Amino acid sequence: MIADLLVQGIQMLLVLLLAPLLTGFVRKVKARLLRRRGPPVLQPYRDLLRLLRKEAVVADGASWLFRVAPYLIFAATWVAAALVPTFAPGLLFSWTADLIAIVALLGSARFMLALAGMDVGTSFGGIGSSREVMIAALAEPALLLIVFTLALLAGSTQLSTVAGFMASPEVGLRVSLGMALIALVMVAIAENGRVPVDNPATHLELTMVHEAMVLEYSGRHLAMIELAAALKLLLSVSLVGCVFVPWGLAAPGAGAAAYPQGIALYLAKLAAAGVLLALFETAIAKMRVFRVPDFLGAALMLALLGTLLLFVSRSL
Amino acid sequence: MPAASFLLACDAVLLATAMAAIAFGRVEGAHRAVYGTALVVSTAIAAVALGYLLTAGGVPSDTWLPLGLPWLGADFRVDPLAAFFLVVVGAGGAAAGLYGLGYGSHESAPHRVLPFFPAFLAGMNLVVLAADAFTFLLCWEFMSLASWALVMAHHREEGNARAGYVYLVMAGFGTMALLLAFGLLAGAGGDYGFDAIRAAQRPAFVPTLVLVLMLLGAGSKAGLVPLHVWLPLAHPAAPSHVSALMSGVMTKVAIYGFVRVVFDLLGTPAWWSGIVVLVLGAVTAVLGILHALMERDLKRLLAYSTIENVGVVFICLGLALAFQASGMGAAAALALTAALFHVLNHSLFKSLLFFGAGAVLSATGHRDMERLGGLIHRMPQTSVAFLVGCVAIAALPPFNGFVSEWLAFQAILQSPQVPQWGLRIIVPAVGGLLALAAALAAACFVRAFGITFLGRPRSDAAATAHEVDRWSLAAMLALAVGCLLAGILPGLVIDALAPVTLALLGERMPAQAGLDWLSIVPIAAGRSSYNPLLVFVFIVASAALAVAVAHRLGSRALRRGPAWGCGFPDPGPVAQYSAGSFAQPLRRVFGTLLFRARERVEMPAPGSVAPARFTLEMHDLVWDRLYMPIASGIGFAADRLNRLQFLTIRRYLSLVFVSLVALLLVLALWP
Amino acid sequence: MGGLGFDVAHMLAGGLVMISFTMLYQDRLSAVIHVYALHAVVLSLSVAWQAFIQEAPHLYITAAISLVFKAIIVPTALHRIVRRLGIHREVETVVGIGPTMLAGMGLVALSMVLMLRVTPGADALAREDLAFALSVLLLGLLMMVTRRNAVSQVIGFMSLENGLVLAATGAKGMPLVVEISVAFSILIAFIVIGVFLFRIRERFDTVDVGALDHFRGERR
Amino acid sequence: MSALALDAVSVVLAVPLVAAAVLALLPGYRVTARLNVAASFLTLAAALTLLVAERPEPGQYLLVDDLNIVFIVLNTFVGFTTSVFSASYIGHELATGRLTPTYLRFYHAMYQMMMFGMNLAFVSNNIGLMWVAVELATLTTVLMVGIYRTHEALEAAWKYFILGSVGIALALFGTILVYMTARPIMGEGYDAMVWTLLVAQAASFDPALLDVAFVFLLLGYGTKVGLAPLHAWLPDAHAEGPTPISAVLSGLLLNVALYAVLRFKILLAANPAAMPPGPLMVTMGLTSLVFAAFMLYRRRDIKRMFAYSSIEHMGIIVFAFGMGGPLANFAGLLHMVMHSLTKSAIFYAVGHVAQVKGTQRIAEIRGLTESHPALGWGLVIGVVAIAGLPPFGIFTSEFLVVTSTFAREPLLAIVLVFGLLVAFGALLLRVTGLAFGAPTGPVGPVEASYVPLYAHLALVLGAGLYLPPPLVAWFQHVAGLLG
């Protein structure tokens, strides 16, 4: 029991600590791909600390919601990230929320973020929020359809069970899974505001989505939001990893030695994902906002197709 | 005293209050008496019904009155299904009564509201209690009539008369469909008692036809697309606490009617009946919420969102039907539980939201969101309650809306075990639509809350608004707490619903009471589980931790300054994102096809000082394609037939003559 | 007696149908009134004959009413109306005389077929009587619907009513015949007075009903 | 006891007759109006004693049985309440000069004559007498319809008169045919026209001739009932006459004709070889219902609109009786009673509304619930009741008609429901305009007697919730008679 609690605690801390690192790593790789030196990998940590220490400037018209939202966003994202198996399935609290609930927790965070964007009453916040909810409105059903595909295959919506099933030999290669994977990656890109849907590095007014919402934030509030964004990226990568690359997860009851191995493999997965993400982002151009629905619509169709093809590939 | 008699007595009190209010409606303070009575009586009803649901073990309680059809009498019965809906109606009525205690003092025409409010409540209760077809329909129509009178309370306001008219005509249509359905069920002998109907043997086509008629009848009252057109007109037209009742409770009574007939009286359905209900529900959910997204009138937005939620409930009901037809009792129980849970949830948060809209309306005089904004500063408590409602209705954890949606998704994931291929393919697609509806709902309520309460005021009225009275606040906060409690302790609700599913399907969901940490497990622990209590605790704890860390390790300093806005000079509140512009991205995605939305921008020539103009054109295709042709068809027929009013006597005589000769010819040529 | 009684009754009833046809054929108002008077005379003869062969003296009253009221008073009154209005030359028909006659033939055929078919059990006199009465009735109705002029419509109604009296007297032993014929006479008086009073003196310049229809109730 | 009943029948007949004579002679508005009320009340009281008294054996002329007692009581009751309404209504007409005292005297006398004619039609056991009585009632109403002597009133009366006369003629021919049918079996003379004896022997009549007779009777009396396409007189007669007469026309005279049709329907049903009267009545009923429902939409005159609504309801009633069977017959009877009460109540309200607003045009009347709450809400309740909404009695009967029909003849029920819905939409559309919105026109107080209006509505409401068992047993018995 204590050990279980401990492993769960490690997981929570691990995601919190690794999240800025992943962001920094992706930035670094991207910079190198562009033949720049780029900021140090640990730069996000420094940014966060500096933001924490600064005084927060709050716009005159901002309400209490503006100040409360960052903490709630952070909390919801952190809880969600802590519930996705990273290095070991079957954590103590893994039954607290299944995949659907994790998706919904992210939805709660986004809900607050979109509201926070509208609080001050500038036109930029509104732009960001309205585009964010548009993207989410298309991304979420796609994500849930992917969940359906996985759940119908594995007979469960519990991530641990799904991961266990995916690691077992009875899965095999399936068209559905391939489609689900592609769709999941597309959705994850959109959800995390990466190129080509959004550019996390831009402040060009009319193209930004996420940055427009958090434009008024500063200081510790901004730190919370940045950390939440990093956590979300980490969560997406972990999710893809635990579902589609489930090997190397420390099986429950496998003994203490399995955990370091699991952690090491997890780090390797993160690194690989970071490189791939950076490659992808460098190779592709950002699209116009009103092309995003097409992009996400494709993801949605892929996910639906994946679900329906399940019945063809194996009569469930 | 048996539960049924007590509940009937409660309704008698309500009706007596209504009669008294006819006489004393204009007296100063009459609203306190009426709403106070409604509050007390409704609370009693909810309490008794809940007590029955939890303790009676499914044994029905009957009361017979010598009213209605003389050879049948009026049979009233409390069984688990009725008891559950009585809890919903009672809770909604109590909340509306509490809210009305304060809100009612703003009423300009109390004599047009006070008599009908308790009558409306009584009507809804009696529908649920009725145990024969005649009494059921009598109360059903009485409920429609009372709510119609409430819609017409502010009859001089523009559009309300039309709203009332469309409402009552659609209600009449629905009743006719129900009449036909019960006619089929009762048979030529006129066995109108529910017991007799349940026991009757019928030909195979009857259940099909009855199902279709119930979809028309109950569906039109509940707001199923394409029978929903009256709902966004009528619900907002009534005073806000009545809107809350109509949206939050009356649509539930319609769902009760559907469940009662289809699940209880009809017996096992055909397997494809589930598909019909599923698809209708899915279309309703998505279209309803898209309409809501495009709407700028706050109360109409809420009404359209009601349509969406009704669609969600019908999706669950369709699943339950499909599972039941395939003999999958446990899955059917899960789906039905999801439906009923959503019924409860929606009644809580929709009442809450309408109360909030009413508070905004009474504080600012506006329902149009383009004239609101920044109310979070002027109405802090209302805004908290409204926010809770928004999060709950957007199906986000840890509030209650998510739980029922989660259960619905779990039920959808049972579909591979259904033997029919059609269902297997359709159910996941419907699941995708349900997810789409949920995501759109989140967008819709970000917009609703963000435009109304956040930002800066868009009108003087919004800038000088005041917080509403304590009664109204108490009602809203009570409902907000209800949303949270149902959200974090869903196991209790699921267990309370077990007698209902047991009575209707003979199955129930696994008992949730004994599980660790109060989590819920719909089928088996390995399949899925959700523990909202822990999620809630975790979120609160991590948020608190984050605050503590940020304040301890970082800076506590806070400075107010002008908004940054990328350095643009502040052009004033008009430059904020408006309700229309917020919806624009989604309108571009969905509206072009579904609403024929056309945007036109007229740019003046370079150098011209004329303002640029933006016009938006949208159509409700259901209205244009379905109702307008019917209306013009009736108009055409009426015009044609109307010529018969202007004939000469000679021509009228010719009609008599021709009739006579025709009949004689028939007689002469008859074999 | 039976043979002769039947023949005479048959001839008189058939005569009524004939005269009804003649009425349809007339295209001048005064002629129509004359023919109607003849119609009433023949009716009165027929009723008297029935009174004689049925040995029902009260029917003589009906015969007398027919003779005095319908054959003398009413035609005279109508003549006065027509002359006052100066319309005694014209009868506006809706369809031509030819088609009207054809339709009349059809109606007579219909009533013969119908009545003879449905009364196989009744005695011959009653059967014939009924068939002729129905013909007269239908022809009267036909006249009402094919003439635009109110006076000719009234005459159509009166010939219709003659058919009724024929049927009533032909129904052997039927009570209340006298009362009914009196009641009908009152009705006719009302109609004639109606035409005379309301249509002419107070309100209208013409009795052509078609011309009155500009305010058919709702068009104001 | 039977002497009492016989006496009651004679009182029911004699009081109106004597009152008519007296009223024709007496001058003065107040006295005559009160006398009119008193006479109507006496008739009602006498009719009520019929309920308790033992019934006499059916005689050669008069008959009291379960069927007609419904009609008599209803007739005298509505006659009484209408006379109360008429007293206040006519006072206003006199004040505005639309009626002169001479015409008023005439009006009151005719009112009682009409009541006499209708009562006589109900109690007569002789089909010839019944015919005479119906004609009498028709003629008196013709005179009353034309009493305002305006252009429109005279035309309406004329139309009514001509069409009514043709109807009367057809009915008489039918009556003669019935006699002819009966004569071979029952011999010549009065017996062959006595309804009770006819029914007893009907099984041995010649069915073919009976069929022809029924066609004539249905068309003849159906003209009076206002069945489409024989209805043409009805809307104008309602619209142009004094409102009490409209109330009586809709509430009572249509019932008289319907009663006659029912008597002959029973006769026909008693002969197994005759054609079933059902299909004919069902067709005419549905035609009237659907036709009137559409006609409601383009109405501009408030009284004419409700006249069309009467056609619609007569269609429903005839349809119900045509369907037959215990449920439908019960429903038909109930519907007829409820319609009489409701429609006359509506006309009471409409009469006062037209008086206070000075117009009958629907477009010129708005916001009644605000300017005249008692009248406005009375009208709303009346229309709600007539539209078949609960908790009013018409809902009960429509419920029974629709449900029992759908189980037997689904297609007919769908037509029925369609017609009901179309009519529902039209009535509501109009009442929404009339009762709600900003008031127009004069808003002054109105001198109205609300007692008849609300008494009727209360009865209709009561019947919608609770039907006393004796009444039900009685209706059921009659429904059984109707076959």
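Every chain is named by a letter (A, B, C and D) in the order it is written, and numbering of its residues begins at 1.
In the analysis below, a contact is a pair of C-beta atoms (placed from the backbone, for glycine too) under 8 Å apart; a residue touches a chain by one contact, two chains touch by 3 or more.
Note that this is a predicted model, so its numbers are computed, not measured.
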{"item": "Chain groups still in contact once chain A is set aside, others held in place", "value": "one piece"}
{"item": "Most central chain, Cα average position", "value": "B"}
{"item": "Most distant chain from chain A by Cα centroid", "value": "C"}
{"item": "Contact-richer chain pair (by C-beta pairs counted) among A-B and B-D", "value": "A-B"}
{"item": "Chain centre separation in whole Å, for chain B relative to chain A (CA means)", "value": "35"}
{"item": "Chain A and chain D, separation of their C-alpha mean positions in angstrom", "value": "77"}
{"item": "For chain B paired with chain D, centre-to-centre distance based on mean C-alpha positions, whole Å", "value": "44"}
{"item": "Rounded Å distance, chain B centre to chain C centre (Cα mean)", "value": "69"}
{"item": "Shared-contact residues (touching 2 or more other chains) in chain D", "value": "158, 162, 166, 208, 211-212, 235"}
{"item": "Per-residue multi-chain contacts in chain A, two or more chains", "value": "none"}
{"item": "Two or more partner chains touched - positions in chain C", "value": "114, 117-118, 141, 144, 153, 216-218"}
{"item": "Interchain contacts (touch definition) - all pairs", "value": "A-B, B-C, B-D, C-D"}
{"item": "Chain D residues within the chain B interface of the complex", "value": "158-159, 162-163, 166-167, 170, 208, 211-212, 215-216, 219, 223, 229-230, 232-233, 235, 275, 280, 291, 294-298, 325, 327, 367, 369-370, 384, 387, 389-391, 395-396, 398-400, 402-408, 413-414, 417, 420-422, 424-425, 428-429, 432-433, 436-438, 464-467, 469, 472"}
{"item": "Residue ranges of chain C in contact with chain D within the complex", "value": "114-115, 117-119, 121-122, 126, 130, 133-134, 137, 141, 144, 153, 157, 160-161, 163-164, 167-168, 171-176, 179-180, 183-184, 187, 190-191, 194, 198-199, 202-203, 212, 215-218"}
{"item": "Contact footprint of chain B on chain C as seen in their complex", "value": "94, 107, 110-111, 113-114, 117-118, 138, 141-142, 144-145, 147-148, 153, 209-210, 213, 216-219"}
{"item": "Chain B residues touching chain C - in the complex, by the definition given at the top", "value": "645-651, 653-654, 656-657, 660-661, 664-665, 667-668"}
{"item": "Footprint of chain B on chain A - complex, ascending", "value": "51-61, 63-65, 67, 71-72, 74-76, 78-79, 82, 93, 95-98, 100-101, 104-105, 107-108, 110-111, 114-115, 117-127, 129-131, 133-134, 136-141, 143-145, 148, 151-152, 155-158, 161, 203, 205, 215-216, 219-220, 223-224, 289-290, 293, 300, 303-304, 307-308, 311, 316"}
